[in-house]
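Accompanying notes for the structure given below.
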């Protein structure tokens, strides 16, 4: 390397991810993270009892997205690889779960084990697809990676149409899901059960990603992002590291997609289109790139923002002529404007803004 | 401890590199004896960094062979650390998103034992591995007198400390050959002195031979056992510091009339 | 937290979701924005306008209808959330006229579990007619297979011996349409079959294939934008001018002429079936009624077949609600629809019964002459199976006095 | 054979369309190092303006000019009023803000003009000229190609021959150093955005008649194909944009014609991978950067 | 002699971290001032604050009597100030030729800019052989030459150099020092020179200032500094 202090080889993303100390800590990583997960799960368990079915459904959706954003924020934030195609990876998981569940139900072999097996298959298939894309992605940088992953996001409908016999083209498949266990009582709302499933999956996804981030692999992810040349010299296989990040985040996406299929009891290609992929990216950036808390904020935002913008405009009393023009468009405009404003006001995302706020408060008092 | 090799740690035979039409190295042969510090000097653009790049596998030579500890080496950058070769980059080249400690731990990646599965599930095996790496990294940081900075971010470090961290990251891999590219660049007088002491000590203390590219003549003359001079990609002189200093061709092409001394 | 079922069909009138003494709450999902919104975004406002008209005249059994319209942008992911919101949060009585095959398919299972009436789905997929599997779901418009059979029957009789080809959207729309066409013409009755996808606006290769095959009649299962694109593209290819016979989905003259601009002369002679009176037929009493409602309650939006569609859905809904009686329950509504016998603007019969949840079963051909689309010939009806295409002879209905159905 | 010739020419005329829009993406990339995801939405806005004016005045040319001027203004406005305040060191924030802008612009257009399709005017006959019974290209296609060629030449001249071009490139790569050397970086960015928006606006006006018509989302699909074209050619190269446009156009046409329209996205992905795995910076990428 | 540059009670820092504290400095026209000090003393920050790349939090900077805080960075070169920043700032994606052209772009006198470019190629002969190479292809030293040459093409009256000898061969360092001296003597160029190569810098400088922890702790004639062993030991460590 030449003597420049400014080094162009690193991913530009590294310049704005606020670093946080993540050195090895005392005690067992697994136990520490399990504790977090347990606390989170218990909290959500009680929350799920306190809210009505629709909120439970929203919670389940947040959790499904959280599976994905956790992996994506690791890929993009910590490893510096941009993916505009995670929607397609979710589709891999979702369709696998759909086919597996329906197959199980057709053969009448459903049981408590069936759903976990289906989800595991979904993760596997998505991870395989992720490996394939990841191998290509490892050679690509910046907008070129963006372009290829964007093209990936667009192929889902082509596959479902080409193999319409299996995937039923645009119309998609409905997904057989067992009702909540009878032990929970006859009036147990299905949405709450779905929320539990989704939360379980999200916790698993978070646990895995958190473990990985705090291991030497997490260190390697960041090293590769920051400086590929130095990473190689440190004995890190750059391409392999990038593929690994892609595979793990694809697995998370597969899980999220599978969960989404379960809670919505259906899959169809346009659910997993470019919009979803862009939304996921949006979520992790708005939430705070590279942090799992940011991923959680992002998932929450993805569900709440459209909901709130619609609610806000719902109350307006408009003449029919005006209503015809504004309906639909006004929430979208507000949504767009919100994105812009958040990015201008909190360029490091919500999590970063909170952290900064915390620092200021601590300094004041 | 690694076995003490007698003889040569690195041998280059007839290395040639060209970029498009530009010949960067031509028929460069040299040897570095085990346990010595070998300096590579020469005018800007002479091909010194390129020579390092060949040894590290960043540049594939058009001709010639690299031998490491008498065995042919087909270098691939990420395998070097495992083979016993480390290199510092010019500038600082730290990972800005990792703390000083993590930066150094990253340098020992090849010694990690725990696999992906234990990492994914946060198993004790992975934790043990991490603790071992941390202890090793702390030892090296301590040895270089910068343990205080272990939790700091690279961006906040004084330049000289940053360069030391980079050195620590190279040393934690326990290399038998260390390639230093302009380690004194940008350092002040005191820091250069300390660096010199450190480099001289490396072969004895850490059983590590050193190849050094540097324009800081005081340092080069002080620490090197042998010096190779490149000009326009060719070896134009080689020998002890005294021999090289007195070589008129070197003075003409490289040293010029020293200013102010 | 309440352990009661989140929604139920049974119980006393007081516990029926979405129904109070003064109000009936209905909800729908529609593309109001996004690429698919063109045309379709006008349907729900029209239905709503008709409800307002009814409300202004006393409502249904003293209850006013409130219609919640959610914009799903034709994205099934949104549909799934919004329909759950309508059912679980807003607690609507029924889902009405949800639009689109892929969008609505995704909520069938949910609506079934919740036992929510799922009325008059706005798409010609055959999926809505599965009374055993989805007992609460009902279709509305003639399904694409029925339509395909009717078109093919017309083509067979009107253009005997001519080379017939088919252009279809690469989904259930095109697939079901082709199935209907082939049912009538036979598998080798269609010489050239081409498909398009909405995400690829270059259909020149398909049109050229028609030209090369010497097609004289092209039956198309296309949305309006692609009907217009097909006609325009064909005209560019050395004046290739087959007889186009598009599905009613993509044949609204107002929409097509807007799409084609100066090229609207290409529409001259276009033939297409319809299940409602043509919106430009101002002599039709239904058109007159709807135009009046449109003027007063819909901001006088440009009147086209989408508004006809929306108003008819509104009218049919009021008919069904009236039939379900004062003690409104979800089961009651479903039985009311299943009991059938509705007559309104639709030119053909509604086929609703306990074993048939498909919608309108008859259509009439229309032709564009001198820039005016007008119906001609008999109303014909058929089923989506092997049944024959027959004439439907019952006299068309007319709206009652003030245009509000009575029980 | 006849089919092949036909599909080839069809692909070439579609390619022109993608090339035109890809040029706008290349321009903004060279000027500001961002991929402007809002380029399509911005082009839609100017196209509506052009449509309104040319409809009112009854002259295509006037509408065309309105698109030009409108693009210039809109591009400058977006940079001055918005992009400038986004941390430019951060590529993803740019992307998110651009996506927000897409939503906002599309919604506003939808509110003002409604969601219906409108016919877009064209100055020439779009009937294909037939040679030996095979319809090849229309005069309109030739007009597009002519415009694309003109833009490429102008861009190449701008970047390689003029001081402004040099300033724009320097400002994009090294803003701080450029300022020290007297380059008004802010102005260069505004200029880059404005010029890119002009090219995008022209492309939009040219493209719309070949598409479904004017609609808030009219450029969505074009954007995706053109982005593919731009990166196949290499985002830094105007010539690359044209070659990329031709490649994508041809592939889409052949695949549509021989394998079915549904498979075109797969074909685009395959082409991207085939090209980028061999040349990760696109066909016309420059020398691999020295990293050590 | 008149003061070209006056720095009054200058304070500056990054975020909440203060770096420069009450820095006072006067640079006379046609002189070379060496700014010395340990790593992290704030030398780079001083230069960057003078050219407005870092916002001062207090104090004044006068250039030929005019307050520089009111001047935009891009206007400085037109007023005759050139800054070769730390890390050189070669535009890696532009060719050597384009980089040099960039240096003279602002000038009205195109012929002289051409001439200046030719002089640079003559001075740094490795660059002449790499005109069409991109910045990133160059070796470390070649980049340093390019950055320096580019500043010279701008024909400044005040030149701010941040460690110009970094990574340069001793012979080239000597050439550059000699060049600076010649430019000062022949054209009245004023130079503010940050250097770690203390002896090299002081050998051509008129004055030396020593910075420590963001303050100027010593300011004296260069000869004085070199001659006085006590001062040298105390502040420069040799």
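We just call them A, B, C, D and E in the order they show up, numbering each chain from 1.
Simple rule for what comes next: a contact is a pair of C-beta atoms (placed from the backbone, for glycine too) under 8 Å apart; a residue touches a chain by one contact, two chains touch by 3 or more.
This is a predicted model, so every value here is computed, not measured.
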- Message: Relative to chain B, which chain's C-alpha centre is the most remote?
- Response: C
- Select the chain at the greatest separation from chain A, using centres from the mean of Cα atoms. E
- When centres are defined as mean Cα positions, the distance from chain B to chain D in whole Å is 48
- Averaging C-alpha coordinates per chain, one finds the centres of chain A and chain B separated by a number of Å equal to 42
- Message: Between chain B and chain C, what distance separates the C-alpha centroids? Give it in angstrom.
- Response: 75
- Item | Distance between the centres, which are taken as Cα means, of chain D and chain C, whole angstrom | 38
- Note on the structure: Each of the following residues of chain D touches two or more other chains, namely 106-107, 110, 262, 264-265, 289, 291-292
- Item | Residues of chain B touching at least two other chains | 49, 56, 58, 89-90, 182, 185-186
- Indicate the residues of chain C shared as contacts by at least two other chains. 32-33, 37, 41, 170, 197, 199
- Query: Which of the residues in chain D come into contact with chain B in the complex?
  - Reply: 291-292
- Query: What does chain B use to touch chain A in their complex?
  - Reply: 49, 56, 58, 77-82, 86-87, 89-99, 101-102, 105-110, 112, 114, 116, 118-124, 126-127, 129-131, 133-134, 151, 153, 169-170, 173, 181-182, 185-186
- Note: in the complex, chain B contacts chain E through residues 19, 22, 42-45, 49, 90, 158-160, 182, 185-191, 215, 217, 253-261
- Query: Across the complex, what residues on chain A touch chain C?
  - Reply: 49-54, 57-58, 61, 154, 157, 161, 164, 169-172, 174-175, 185, 187-191, 264-266, 268-271, 273, 275-276, 303, 306-307, 310, 319-324, 327-329, 331-332
- Note on the structure: Within the complex, chain D is touched by chain B residues 49, 53, 56, 58-59, 89
